[in-house]
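So, here come the structures, one by one.
Below, subunit A partners subunit B and then partners subunit C, in two separate complexes.
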Partner chain A sequence: MKALMSLGALIGVAGLLLLGGMVFDVVPSTTIRLVEGYMPIQMLLEVACYVIGFTGLSYMMNAMGMAIPRFWQGIGFWVFFLLYLKYRMYPPIPFSVRAMYGTVSLVAVFMWVSASEEDWQKFKQPIMNVLDAQTGGNRLLRYLYLVLLPILIGGFSFNAMMPKSEEPIELRTVHPAPPASTKVHGKTYTLQTSQNPYRVNPEGKYDQEFSNANIVEQGMGRLMKPNANPWDDKNQGYLKYVREGGEIFFQNCHFCHGDNLNGRGLHAFAFNPIPANFTDPGTIAQLQETFIFWRVSKGGIGLPNEGFPWASVMPPWEQHLTVDEIWKVVLFEYWHTGYYPRTWD
Partner chain B sequence: MMDSITQKAGIIAAAAFGVVLVSSAGYSSVSAQGLPEGFKKGDLAPEPSAEMIEAGKRVYFTKCVWCHGVDGAGDGPGADRLWPRPRNFNQGTFKIRHTASGELPLFDAKKPIPGQNDLFETLTHGLPGSAMPSWEGILSEEQRLQVLSFVTTQLVKDRKFTDKQSETQTILQLADLKPKPATDESKKRGGELIVEKKCVECHGMEGRGDGNAFNLKDDWGFSIQPANWHKCWNFRGSRQDPYNVANIFRTFSTGVNGTPMPSFADNTTVDERWDIANFVSSLCERDALGNPLPIDPLTDKPKINFVIPSDLVEGEIPADIEHEAWQKAPKRLVAMGGQITHKPRNFVNRIDDIWVRSLYNDKYIVYLLEWDDRTKSVAEGKLPWAPTQVNIDVKEQDPKTGEEGSIAARQNNYTVYNDAIAIETAVKWKELPAPIKPRYLFGTNDQFPVDIVKWEADGSLRAFKGTGWDKDFEERDNYEEAMKLVKSEWKNGRWYVMIQRPVGNKKDQDYDEDTFFEVGQYIPTVFFAWDGHNGDAGRKMAVSAFYYTFMNPPVPQETYIYPVVIAVGVVLLEGWVLTRRANRKKGKTL
Partner chain C sequence: MGLLAGKRVFSIMALCMMVSLLLLPIVVALPSLAIGEEAPAGDAAKKDGDKVEKGRDVYYKTEGIVVGAPAPKTVDGPRDYPRYNFESRVLLWFANQQHLYYGSFVLAVPIFCMIIEFMGVVTKDKALAKRYDQLAYDFIKISLTAYSLTAILGGILIFTFLTLYPAFFSYLSGIFRPVMHIYALMFVAESGTLYIYYYGWDKMKEGFLKWIHLSMSVILNIIGTLLMFLANSWIGFMMSPAGVDEQGRYLGNIWHVIHTALWNPLNLHRILGNMAFGGGVVAAYAAYKFLASKTEEDRAHYDWMGYIAMALGVAFLIPLPFAGYWLMREVYAYRQQMGITLMGGLLAWLFIIQATMIGILFLSTNYYLWQAMGRMRGAEKYQRYIKYLVFILACGYMVFITPHTMVMTPAELKAMGGQQHPVLGNYGVMSAKNGGINVIITTTVLSFVWYMRGNKVSTVSWAKFGNIFMGIFFACAYFNIIFLAVYGYYIPANVRVGLSVPQVATTLSCLFFMFALNSVMMKGAKQLGPIEWGKISARSQYALIMLATAFTWMMGLMGYIRSSVRLFWHVNEIMRDNSPWAYTHTVGFAANMISFNVLFFWITILFVFWLGSLGAKKVPVESKAGIPGGVPQPAASH
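Presenting the complex of A and B:
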C-alpha cells in the first residue's frame, strides 16, 4: 500500500512541477504533445493521473505527519484545475469555456468536501475560525479580509465596466445539415443514394472493400501501403483515380488545406474560419462521401446561415472543376488521410 | 530599360570589385588554413543504408511527389501554380545550410541533431514563405531521415553526398560561436556594415527587399525577391524561431545556394557578422514596447487580433504619422491571403499583411494603412476598364503549363496595373442579427450590400457599393467629395496611405449605401489589396478575413461611481455577517 501511494505521490509531484514549469513559461506547453483529435480523452487521462498523484501525495503527507487540511486540499485542487485548463491545454480554449469548466469543477469540489457531515465540518472550520478570530493570527486575517474584499470586488466591477473591445465570440456550425439533393453542372445528385463513381476496382465496379484495402496506413506518417503506390503506372481503377485526384488537390486545394491536408496551407493563416483539417477524426471521417461532394461543389457561399457563408472563402468548386474532378478529389482526401467515408447503413 | 540594366550591372561589378579589394587588403577574417573565420573542415557523412532509402521512397511517394515530382525535378502536379517553385533536387542545390557557399548541406541519416543536419532541420521546420510546411508531428523522426536518405541518394543526380573527390564540407561552428549581445552599439555598427557590404543594394534602404527587385534570378532562371527583413517569420531559414539572430548569422555566413545571396564569410569577421545579424533582427516587426510579436504556433505567423480599435481625438485628426495620437493608436496586423474563391484566383499574393491604425472624431474616421510592397506600381496610360468594373479580362494561372508558362516564370513579366487598397464595410450591419454579415467578397446582394472605399496608386480615392462577387461596383452619389485622401506615399518598399471618411449618421447620410460608424459597436470590415506588378486587378487581389472596426467610446461616469457603491455594499455585508456570527455565539439570534 505504502509503495503504491509513494508512487502516486511521485506522479503528483512530477505533474505539479511540469504544470508549474508551464505556468512560468519554463516548460513549453507543447512538451507532451496533445494528439490532434484525441485531445479530450488525453486530457481526461491526464487529469485522472493527477488525481491519483494527489491522492498519493496527500496519503504520504498524512503518514509523515504533515497532513493538509481538507479546506486547503479543496481549494488547492480547484486552483490546480484552473491553471491546468489555462496553461496546459493547447490549442488554448476561450475564457468563457474555461469559466464553465471552472464552475463545474467547483461544484465537484464542493460535493467532495461535503460528502459527509464530518467532512463538511472539517471544511468549514477554518472559515469559522477566521470569523470568530480567537487567535491573533486569525484576527489579523479577519481585518485583512475586511479591507481587501471590498477593494477587490470594487476593482473587479470597475474592470468589468470599463468599455472593452474584445473579439465577439461567434459560434459556427462546422458540419451543417446537408440538403436532400444537390444540383451540380445541371445534374441532380441525391445525397442518400449517390456513390463516388471512381471508388471502383480494376474491373470498373463500385467496390468499397477494394478501395478500403488500398488507403494509407493509419499511424504516424499515414504512409501508403507498400504495394499500393498511386504513382505506379500499371494501376487501374481506384489507385489511378487517387493519383488524378491528388494532382487536382495539389493544383487547387493545398493553398488552404495544406500539403498534409491538415488545414495549414499557404493562405490558411489569413482566413477565419480556418480551413478544415481533414486529418482530424472530427471532419471527413465523420461524414459521408456525398456530403463532401456537396460541400466541395457548393463551397462557402452554399452554406446555410449557421455555417457562416459570408465569411468562408471556400470556393464553390463547380465554378472551377468538373463533376468528375470533384469526385476524384474527394477520393484522394480519403486515401491520403486513411479514413473510410461513413456509409448510410 | 537597357540603360538601367547596364547601369545596375555596372553597380554590381563595382560592388564585386570593391569586395575583392577589401578582402585582398589583408582582412583577418580568413584563418591559417584558408578557412573563413568560424568554419572548420568536416567529414562527409556515410551513405544511408539501403533499407533507409527504400523506406524513404514510400514516404516520398506519399507526401512529397505531389510538388517535387517523380524524378525530384521540382515539377510535380502542384509546381506550376507555386512561387517560389518547389525545389529541383537534381542539382543538389540547397538553400539553408551550415556549410560554405556552394557546398552540399549537412545530412547524416543517423544524426538528427540540430545544427548538424541541415536537411533534417528543413524538413522538421519547413520553409516559411513558401509552400513547404513543417513535417514535425506529421512524419516521425525516423521517417524524416528515411525520406531524406531517398532524396539525397536517388534524386540528387548531378552530385554525390559521399564522393570525397568532388565534395567537401566546411562547416560553420555555430554552436561554438557565442552570439554578441544586441547592444545599441552593435546594432549601429551592423547598420553601417549593411551599407558598406552593399546589402542595401538588394534588400533596400530600409531592408524591405525592394532594392534591385526586378533583375534577380535564381539558378533555374526564375525571378527571386530579396528577403524583407521586417518580416522575419517569412525567412526561409527562420526554423520556427524567427527572432533568433543565430539564424540570420548562419544565412549571412553561408549564403543561400542557388540564389544571388552570396556568403559573406570571406570578407567579414565573426564579430562583424554578429553586428549585422543583430541589426537585421532588430528591424523585424515588434510590438509597441519593443518585444517580439507573439507567434502563433499553428501558423508560424504573428498572432492575429480581429478587432481594430479606433481612438477618439478632439478636433482635427492629425495627418502626420509621427503625431502623438498616431503613435499611441494601437496597431493591428491584418493577415492577407490570395483571393482563391472565384475566378481569376490569385495563387501568389505578394501582399501578405497590412498594418492598420485608426482614429476618429465627431465627424470623421481615419484609417492609416501601411503595407510592404517591393514595387511602386502605377499603370501606364489609361486602364482598359472603368474603375467600377470587377468582371474584367484577367486570366488566372492554368494548372499545368510546364516550367516556361508557370507562375514562377511569369513573375515580374505581368502588365503593370495600379497598386491599390480597399476598405470594405457592411452597410446594413445593424439590420442583420449578429453574427450575420454581408458576404466578404463585395457583399451578398442588393438587399445586403457593402460600402467599398478604394484607393489606387494613380491618386484616386473612390467610393462604391458592392452587391455581389460577380456584380460590377456601383458608383455612390456625391460620397467622394465627403472623403479625403490625407496621405499616400511609397517609400523604400512600403506604402503609407491615410484615408478619411465620414462616420455618418442616419439623418443626413444615405443609409442604403454608406456604412454608419457607430461608437462602441463592432463594424464588420474587410481589407483588399492589389499589387500592380503582380498583375493584380479586379478580383485578382489579396483579401483579409472579417475584422471589426471598434470605435472606443469615452469612459462613462458610471464606471467610476458604481464600483465605489458596490465596495461600500460589501463593507455593510461584512458587518452584518460578523454581528450575526457574534450574536449566534453569544446564544441569541437576530
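Presenting the complex of A and C:
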C-alpha cells in the first residue's frame, strides 16, 4: 500500500512540476501531445492521474506528519484544475467553457469537503478561526478581508461595467434546421427521404453497406481500406464516383475547406468563422447526406432565418456545379473523413 | 358487527360508484366515438351521394371523409389576436406553466399515496405500517389544497385562450370536440374519487375496508392518468398533427387525432416527470418542516418523510433521461427539421441548460445520500471513498454539459482555430453525452447501494464473494459505458443511436440487479447501529430543496423547449401563428421567464403548505397520539 502511495505521490509531484512549468511558460503545453482522435479521453485520464497523484501525495505527507489541512486540499485542487484548463489544454478553451468547468469543479470540491460532518468541520475550521478572530494573526486577517473583499467585488463590478471595444459574443446556430424540401436546378428534393444517387455498388444499385465498407479508416491516419483505392481505374460504382467527387472537391472546395477537409484551407483564415471542419465528429458525421446537399447547393446566402447571423461566405454552389457534381462532392467528403452519413433506419 | 357490515357495504358501494364515475365519460363518449369512425361516412354518403369530399390524413396517410372546417388563416388584428397592452404569448405561457405545475403535482401525489399506503398495508411491522399510513395521509392532505388551485388555474388558462387566442382555441376545440366533454367529466370523476378517498381515510383504516380504500387510490390514479393522456393529446396534436388533412380539416377519426406520432413518448415522459417533480416538491416540504422543527420528534418525522419522498422521486428520475431520449428519437423520426432545431440548431443551447439541470438533480441526490449516511452508525467505512465518487460524477457531468458550439468572442474563436474545439468539441456530441449521463446514473445507483448497506454487515456465508462480485459488476458497467461512448465515434450514426440501448441496459442492470443482490445479501444482516432519524445535517435538507427547485426549473425549461420547437406554427405545418409574437425568444428572456414561473410557483405552494399546516393545528392533541412524529426513533428500515 505504501509503495503504491509513494508511486502516486511521485506522479503527483511530477504532474505538478509539469503544470507549473506550463503556467510559467518554461515547458510548452505540447510537451505531452494531445493525440488527435483520442484527445477527449486523454484529458480525463490525465486528470484522473493527477487525482491519484494527489491522493498519494496527501497520504505520504500525512505519514510524514505534515498533513495538508482539508481547507487547503480543497482550495488547492480547485486552483489546480483551473490552471490545468488554462495552461495545459490547447488550443485555448473559451472562457465560457472554463467558467462552466470551474463552477462544476467548485461544486465538486464542496461536495467532497462537506460529504461527512467530520470533513466539513475540518474544512471550515480555518474560516471559523478567522471569523472568530481569537488570535492576533486571525484578527489581522479578518480586517484584511473586510477591506479586500469590497475592493475585489468593486473591481469585478467595475470591470464588468466598463465599456469595451471587443466584438460581441455570437451565439451562432451552426446547423440550422433544413427545410422539408429544396429545389435545385428545377427539381425538388425531399430532404428526409432523398438519397445520394451515387452511393451505389459496382452493379449500380443503391447500397449503403457497400459504401460504408469502402470508406477510409476513421481515426488517426485515415488509411484507405485494402482494394478500395478510388484512384484505381478499375474500380466502378461508389469508388469511381468518390474519385470524381474528389476531383471536383480539389478544383473548387479545398481552397477553403483544406486538403484534409479540416477547414484549414489556403483562404480559411481570411474568414470569420473559418470554414467547417468536416473531420470534426459534430459536423457532417451528425447529418444526413441531403442536409449537406442542401447546404452546398444553397450556400451561406440560402441559410434560413434560424441561421442568424448568417455568418457564412459559402457560395451557392448550384450556380457553379451540376446536381450530379454536388452529390459526388458530398460522397467524397464522407469517404475522405471516414464518417457515415446519418440515416434514420 | 352490524356497524362493520354497514361500513363494508358502504365502502363497496363507494368503490362501485368510483368505477362508474370512471366509466361514465367513456359510456357518454361512445356515440361520439362511433360518429367519429363511421357515421359521417355513412350519413354524408346517403345525403349527398357522390358529393362527399375526401381528404388524406397528413400523418397516417389514410383517406377519410372531411367533417371539419379548415384551420383558420389568421391575421394579426383584434379578431384573431385580441390583446391587452402586453405580449399575449407571455400571459399564456404563465397561465399554462402554473396550471402544469399544479396539475403535475396533484397527479403525482396520489400515485405516491397509493404506493406508500400499499407499503403500509403489506408491512408486518405495525408501528411502521402506521407511519406509512400517516405519511400517505399527509401527502394527500397537501395535494388537496393544491387540487382546488389546479382547477382555478385551469379555468384561468381556458379564459386566457378564449380571450387572447380565440381563433386558435376555436379550431382546436373543434378538432377535439368528441373528447372535450370526456375531459370535463373525467375531472368530475377525479374530484369525486379524491374527496371520497380523502374523507374516507379514517373510516376505512383497517382490514377489508383498508383494501377497499387502497383500491380507491388505484381508481383515482387511473382517472388522473387518463386525464393527463387526454391533455397530452392536444400538445401532441399541435406538435405532430394527425387525423386532419393538409388544410387542417378533421377527417372523422378521433383516435388518429389523439394517437399522434409523439403522444406515447409524451405520455411516458410526463408520467415519469410528474412523479419525479411530485417527489421533489414533497421532499422540499419535508425539508422546510425539518429546518423549522423545534423538537427531536418532528425532526425525525420530517427527516423520514423527506427521505421517502426523495427516494420515490429519484426512482422515477432515473428512467426519465431514457424516456426523454425516446421522445427525441421520435421527434427526429417525425421531422428531421424539428429534431435539428431542438438539439443541433436554434434551441440547442437550451438543451445544454437542461443537461446542467439534470446534472444538478443527480448531484443533489448523491449529496443527500452521502449526508444521510451520517445518521447511520457504521456507514463511516464508506465515507473515505466518497471523494472518488465525486470525481467520477464531476467528470460525467462536465462531459454531459459541454456544448458543441461554444459561446466565445471572435478573438477566442480565432485563437481556437475553428468553431469546434478539437478536444472538448468531441464531448459535445451525443455519443459522449450518453456516456456522461450513464456514468452519473450508475454512480447514483452505487451511492444508493452504499446507503442501503451503510449500517449493516452481511451475514450470508457468501458475503465476501457477493461483495467482490458487486465490485466487479460496477467496474465492468463503467468500462462498458465508457467504451461504448468512445466506440460511438467510429460507427455510422444510425448504429451509434442504437448503442444507447446497451448503455442504458448496463445502467439499468446495475440498478435492478445490484439492488436485488444487495437486498438478498442484507437479509438478516447484522446491524451496526440504528438509523438515527433527525440526526442529519442541515446541508442535506438544502440539497432536497435544491433538488425540488431544479425539478421545477427543468420542467419549465422543457415545456418551453417543447412548445417553441413549433417555431411560427400554432399547429405544426397546419395552422400558422400570424400574431406579432411568432418568433423565438432569446435564451436570456426565456430563462428569466422560467425563473419567474418557478418563483411564483414556490411562493404559492408555500401558501398551500401554510394552509395545510393551519388544518393540522386544529387537530386535537389527543388524536395526535401514535402519529409518526410521536415516535422518537423510527424503525430502522429503509
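The rule we apply is simple: the second predicted complex is superposed on the first by the 297 of 345 C-alpha atoms of A that agree within 3 Å, B and C clash if a C-alpha of one lies under 4 Å from a C-alpha of the other, contacts with A are read in each partner's own complex, and residues count from 1 in each chain.
Rule of thumb we're sticking to: a contact is a pair of C-beta atoms (placed from the backbone, for glycine too) under 8 Å apart; a residue touches a chain by one contact, two chains touch by 3 or more.
Everything numeric in this text was worked out from a predicted model, so none of it was measured.
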Contacts of A:47 with subunit B and subunit C, given as first, second, both or neither: second
Partner chain(s) touched by A:227 [first = subunit B, second = subunit C, both, neither]: neither
First (subunit B), second (subunit C), both or neither touched by A:154: first
Which superposed partner A:301 touches (first subunit B, second subunit C, both, neither): first
Which superposed partner A:272 touches (first subunit B, second subunit C, both, neither): both
First, second, both or neither for A:188, with subunit B first and subunit C second: neither
Doubly contacted residues of subunit A, that is, touched by subunit B and again by subunit C: 91, 166-168, 170, 172, 264, 269, 272
In the complex, subunit B residues that touch subunit A: 58-59, 61-63, 65-67, 70, 76-78, 80-81, 131-133, 135, 137-140, 143, 296-299, 301, 304-307, 309, 335-343, 345, 347, 349, 352, 399-400, 434-440, 444, 469, 520, 522, 543-546, 548, 550, 552-553, 555-556, 558-560, 562-564, 566-568, 570-571, 574, 577-578, 581, 585
Subunit A-touching residues of subunit C, taken from the complex the two chains share: 332-333, 335-338, 340-341, 344-346, 348-349, 359, 363, 366-367, 370-371, 373-374, 380, 383, 386-387, 390-391, 393-395, 397-399, 401-429, 431-432, 482, 486, 489-494, 537, 539, 587
Subunit B partner contacts - residues on subunit A that touch it in the complex: 30, 33, 90-91, 131-132, 145-146, 149-151, 153-155, 157-158, 161-163, 165-168, 170, 172, 216, 220-224, 226, 229-231, 246-252, 254-256, 258-260, 262, 264-272, 299-301, 305, 308-311, 313-316, 319-320, 336
Subunit C-touching residues of subunit A, taken from the complex the two chains share: 34, 36, 39-41, 43-44, 47-48, 51, 89, 91-97, 100-101, 104-105, 107-108, 111-112, 114-120, 166-180, 191-192, 212, 218-219, 263-264, 269, 272-274, 276-277, 280-283, 285-286, 288, 291, 306, 340-345
